[in-house]
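Going in written order, the chains are labelled A, B, C, D and E, and every chain counts its residues from 1.
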């Protein structure tokens, strides 16, 4: 089969699964699940088959979508290195999570709908990954947003879930609007949206510098929105309202990585636009530190992992911002594995124990789940960046890239962030695996999820991902060759400080939480103000609601008043005025004959004067 | 001779005097007598304008018929008690009347007419022939108008049967008067 | 002859309806539904018969001299835009008739007035003679009054009167303008094709263009004079608001495209700045006000105002993209609003309230009916996969290119439109299931049919926009060429 | 029949009919059925003859006085057809005094004869006498009302009419003096642009009488009171036949007028009438009074046609006069059916008509749509021609004002539609349409709808007729 | 007495007639005013007939017709005034204001 049909199969198999589940098999949940898993298998197979073929084919055009101002915009596939890599990652992790969901979602009334939406997401994500032009990418970028909206709001009866879904959609849309305008400017200045063509140095050079920077910044807005970077990140923690496998798939490994993938995809453009990479680095470093500090004080395991995702995404952007495509993509790949693993472990604990709170989990004997705990430890180690595991190698490459050319403020910031990462990761591990009666239980429970013990179908994906998390580190060179970027091999001298920091983080965490009679209190609690600042997530949610939300609803109520009062008012006023003049003119007919004749003659006299030509 | 014997002014005085009387006097009966006086003056003027037959008709129908009919109507519509004229609103009427007089009067003075001198021959035969030859349609129409007026007047003024009193004498007189006038015309 | 057939089918149905005794309303409904189906078939036939690549601007032309001495001729013809609009009207007519299957109150008069409205709309879309264009334009506007005043709901008399007076005031603006074009051209004919050939003086065009634009703009829901549309929506019964928002508002935009632009290109070029500004107000203002509405239909009403703003913005860009996008948005929004209203109508007929706060968790009680509304909502927000996305895309591309300020503002409007649409979904469909609506029954197959047709159309043109865009491109290129 | 008599046919038929009615009414116990039958017969005969002589040309009797051509015969056809309509609905005249019911048709017939002569008159005296003949017929018709307010309306109508006819006569005398003869041909010769101001004043004063008949603004005062006071059928007669007659004679004079001053005068009158008529109608609840004010407004629209001073304008006026007459008859079919008890129909008494009599409701709806100028009816194409004529003279803003006025008019027209279709009938009696009522109604309805959809035949006739004028 | 004198006299009579119509309270007073106005017009006609018009007969015929018509009009007006009087118990113009606005 030609690569085009392969790509078509890979992307559209899940669509068939989604349609089957949502419309045809509404009443047969098990069949729907099976159909979707089969579809995922097919698309993984296809993705691998595309990878097996040679990776330097021209983009294949399937059909013409529309033509704007003579520029044909068509639906097609671009199958070069980065796309294939991302395609495999998405397909693999989506498959694992769907298998995992078999067990996790058993007994949920919306079982068929759940798998249908999963199929929808997979279709959108894969088509986005393989899209040949920026417009097609944007179309599926929005569809991915839609899938995330439906999946976050899966348990729509929960008001908080509905609100979270709405918040997610609106915030990502704010980013999308920026990206859309950037896309249009790009189209108007180069009159083509074909990615392969766009990435040629010649086309980039043809765009005037000021406009190129503007386009790059606007596209970066999209990335900030989708990958939950600093200003638009508050929706990701709320997205944890969705089922945990969804959080695992979308809000850690694949969907949020779309932003970073887009940045990687358009790397030449961002590099060409001067001034942009500095801005990217600044945003990334702020996000990394901010997210890490908040993760440090969270009690809910999923929230910790959510903030950790934000922080790690910032790390990827640090790598890309620093100019090394390899560092960013490598970290993206490794992060996909160990973050998915951590979420699945959290899911297993929640499934077994029924509460998100780490302390309760610890108390309820989370440690008894041998495989899951092992996965947790390996995942945590990878996340913290301990040497043999995947995280270490990719984080190293980012630090090496940073060392390269930029002001060392970013380097020190990166070191601080990786220290905090190690700290909060192992704080989580010790809280869960080494419970102690000193820590206080949470006030209320809110996860409505039915309990059940961890089934075999849940254990298998955890096992696979554990292997992935461990082994991914060594795939550095392979990835570099695949995406055609220069691999970075930091020398031992450069690696030393990173390893030291990571170990320091682990030790501090052990000291405060792991030891037998540890205080179970973070060092940050000593500085009360900072603690509450992080606890309240820098009051960002409140600020956004008051400023943005308040402003929009103020303008809205003003325009509603204008609509009711001014516009309708003038309309009704004109109506009543005419009727009033109507009454007045009618009353002119006073019924008195002599007035009639008098006024008639008077008017005739006036006309005579006028006609008589005086 | 493009002027008429100055003695015509006498009839002008009678006509205008009568009209003034009919306008100013409060009692309606006096007003009708004023009208009759004015009509006499106008009939006189017609004589000076060379059409004695028309003057005769004027006296006969207008003074004899219409004024008498009005007197009978006033006797029927007996509401002499009512106060007359007076209120300032009445005074407003001067504006349209004065305006009309001024505008048309000014136009009349400014207008120039090709006055032709004529001996004022009132040859009645000429009038009769033209009446029946050129204006025969109009003549018939006038008779239809009179028929219409008579029948209409009777029907409207007739008291409904339920009130019982018969037609007043006046009505009969009024309609007979009109018949007389039209009969005469046909005769000439 | 097929275009006359399209007009005559509802006319025949009208006579049939008048003849059928009022008692058996089933027969009356069947007649209308049948007429709907026939018109859809005819519209499809026209769609395939129309060859977008032929040089002839207007195809399937029929001409009968009507009042020769005065230059009026029964002159029908259709271009790309006409084909699309006829199909839209046929679809909304069919689904509208099917959605009113449960009507009991005075069924005969209802369908008589509705058929008159449909005849008027078909007439406008296919007639190329200025007189008949205006003739059908007014035939389409007047039945709205009895339809809303008799079968409407909240404040129906006020809404019906306000709607009719606004629209007739609009046509009062048109009357002198159209006639002065007739005389100014000196060709002694109302044939629009000939008139568009004639070159009017620049100053004259600039003088008359606003009259025609605002005259049609009132019906298209232009910003300052859109007040009638939301109140009209709220008061009208389901199928009427489907026809009203779905088709009638497109009449206004169609009028601008068919009469104002080709006949007065210099006027269009001169006035497109200010009118584009008003269109942007339409978009942003409509969305903002929708944010503060508590009644379903008010929200949809103002969302229609906002979407018509996108149409008007596209038209005022005077480029192939802009106008092509505007026409496609007319089609897509027409289908989408019809879906909206039929979904709300279904819920309202049972719940007898439209206040979104009183509902809650409707997706639990009536999942399929809520699904219809949610799909319409998503399409309204411009989510890809539905026809509206492509239309808005083209319009925004044109807008950002030619008038960046308005383009950016309009695109930002997308955020607010997402806000108000999701607010409605959150309050009414998601959230805890309100026990009060336990008794609502879900959609039966027969109810689902019209809504399913609409969704199918939305998705079909969402996945394959080229179907319609190729059709539009031919006539829009000719239009843009003129200016 | 010798040619001359044939040309005078329609008038003769009506005169003969009037004679028969008169004789029948003075029989021992006169039955209104008989007189009504004879009147109907006469009017049908008149329609027949006017159709017969439609394309005849000639000047029966004296050439200068009376001209018969397509213009006059077309109007006579219209007059007699409308007369048929009016007589059809006046089989039993509830609002007329019982004693006068026998004679009522006589006045209608004679008044129509007056109008027929008015239309053919090409000589000032003939015009004046026929004007008076038709006016007296109307005065009496209004006075026949059984209600006391009828006599008040008649008194006002007759006195206002008499004053305006006196003014007309005075104007006529000035014209006679300046032109030197009463023939209209000489008059049109003298009416060149810079004519003698006295002549212009004379013409203006003479127009007073004509405007009175058309119910145009300075002389519209009588209309509301007369419409409200007079019996329903008589009002139908005034609204349709009398207005068409006025349209005819004003058209003949307008054809003579040079442009310039008189055009601006006509425009002023037109705008004033449209404004006053439509605005005052907004405040009415009595339907006949509402129709009166709308008549004033429609006089304003007609003036648009005259103001254009062009052949198209005159053709549009003739066309619109016919259509307006038909819609008035159609409206009064329903109003007189409603006013069976002699009381005036009001917004309340018409409520729920759609249930009380669907046919009557449909007829009223079509009449309202014609008056409002809504497409399927001929009112739309009528207004279209009028506005087109005005625009031919470049009166853009005038047409805009007219269009705005007709939008305001739509408000009160829709109030009637609302009352008919929306208000519940409560316990109001069913409305019975007799056979003759429905006959007249359906004929008028057919006329209005047919010419609304396919106006060409009537329009060609109107254009040819207008060409003959002036 | 020249033509313009006659015309002025006629105009004066017309004005007085008009004044009488506008100010009289009694209905018949109005009728008197109308009669005066008609006669003023007759004077005009005969004056023109005498001084200007070539064919003298037309003017006289017109005046004859005017007199005839005035008689008919008076008859109708009087009977209507009577019926109004009978309905309103007064022949006063100001009482005729039942039909208004």
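Just so it is clear, a residue touches a chain if its C-beta (ideal position, glycine included) is under 8 Å from a C-beta of that chain, and two chains touch if they have at least 3 such contacts.
Quick caveat, the model's predicted, so the values are computed rather than measured.
Taking the definition of touch as given, a chain qualifies here only if it contacts subunit A and subunit D alike; those chains are B, C, E. Using the contact threshold fixed earlier, the set of chains in contact with both subunit A and subunit B is D, E.
Between B-D and D-E, more C-beta contact pairs join the chains of D-E. The central chain of the assembly on a C-alpha centroid basis is C. Centroid to centroid, with C-alpha atoms defining each point, subunit B and subunit C lie 70 Å apart.
If you average the CA atoms of subunit C and of subunit E, the two centres end up 65 Å from each other. Separating the centre of subunit A from that of subunit C, both taken as means of CA atoms, is a distance of 37 Å.
Here the spacing of subunit A and subunit E, counted between their Cα centres, is 97 Å.
Counting partner chains per residue, subunit D shows two or more touched chains at residues 125, 129, 132, 136, 139-140, 143, 154-156, 159, 163, 167, 174, 177, 197-198, 201, 224-225, 280, 283, 411.
Residue positions of subunit C touching 2 or more other chains: 165.
In subunit E, the positions touching at least two other chains are 7, 14, 17-18, 21-23, 27, 30-31, 33, 47-48, 52, 54-55, 58-59, 61, 65, 69, 72-73, 76, 79-81, 83, 86, 96, 98-101.
Chains touching one another, given as pairs, are A-B, A-C, A-D, A-E, B-D, B-E, C-D, D-E. On the side of subunit D, the complex with subunit E involves touching residues 125, 128-129, 132, 136, 139-140, 143, 148-149, 151-156, 158-159, 162-163, 165-167, 169-170, 172-174, 176-177, 180-182, 224-225, 228-229, 280, 283.
Looking at the complex, you find that subunit D touches subunit C at residues 354, 369, 374-376, 380, 384-385, 387-388, 391-392, 394, 396-397, 399-400, 403-404, 406-407, 410-411, 414, 417-418, 421-422, 454-456, 459-460, 463.
Remark: subunit D residues 155-156, 159-160, 163-164, 167, 197-198, 200-201, 204-205, 208, 217-219, 221-222, 224-225, 261-262, 265, 275-276, 279-284, 293, 408, 411 touch subunit A in the complex.
Listing the residues of subunit A that touch subunit E in their complex gives 583, 586-594, 597-598, 601. Those residues of subunit B that touch subunit A in the shared complex are 92-93, 95-97, 99-100, 103-104, 106-107.
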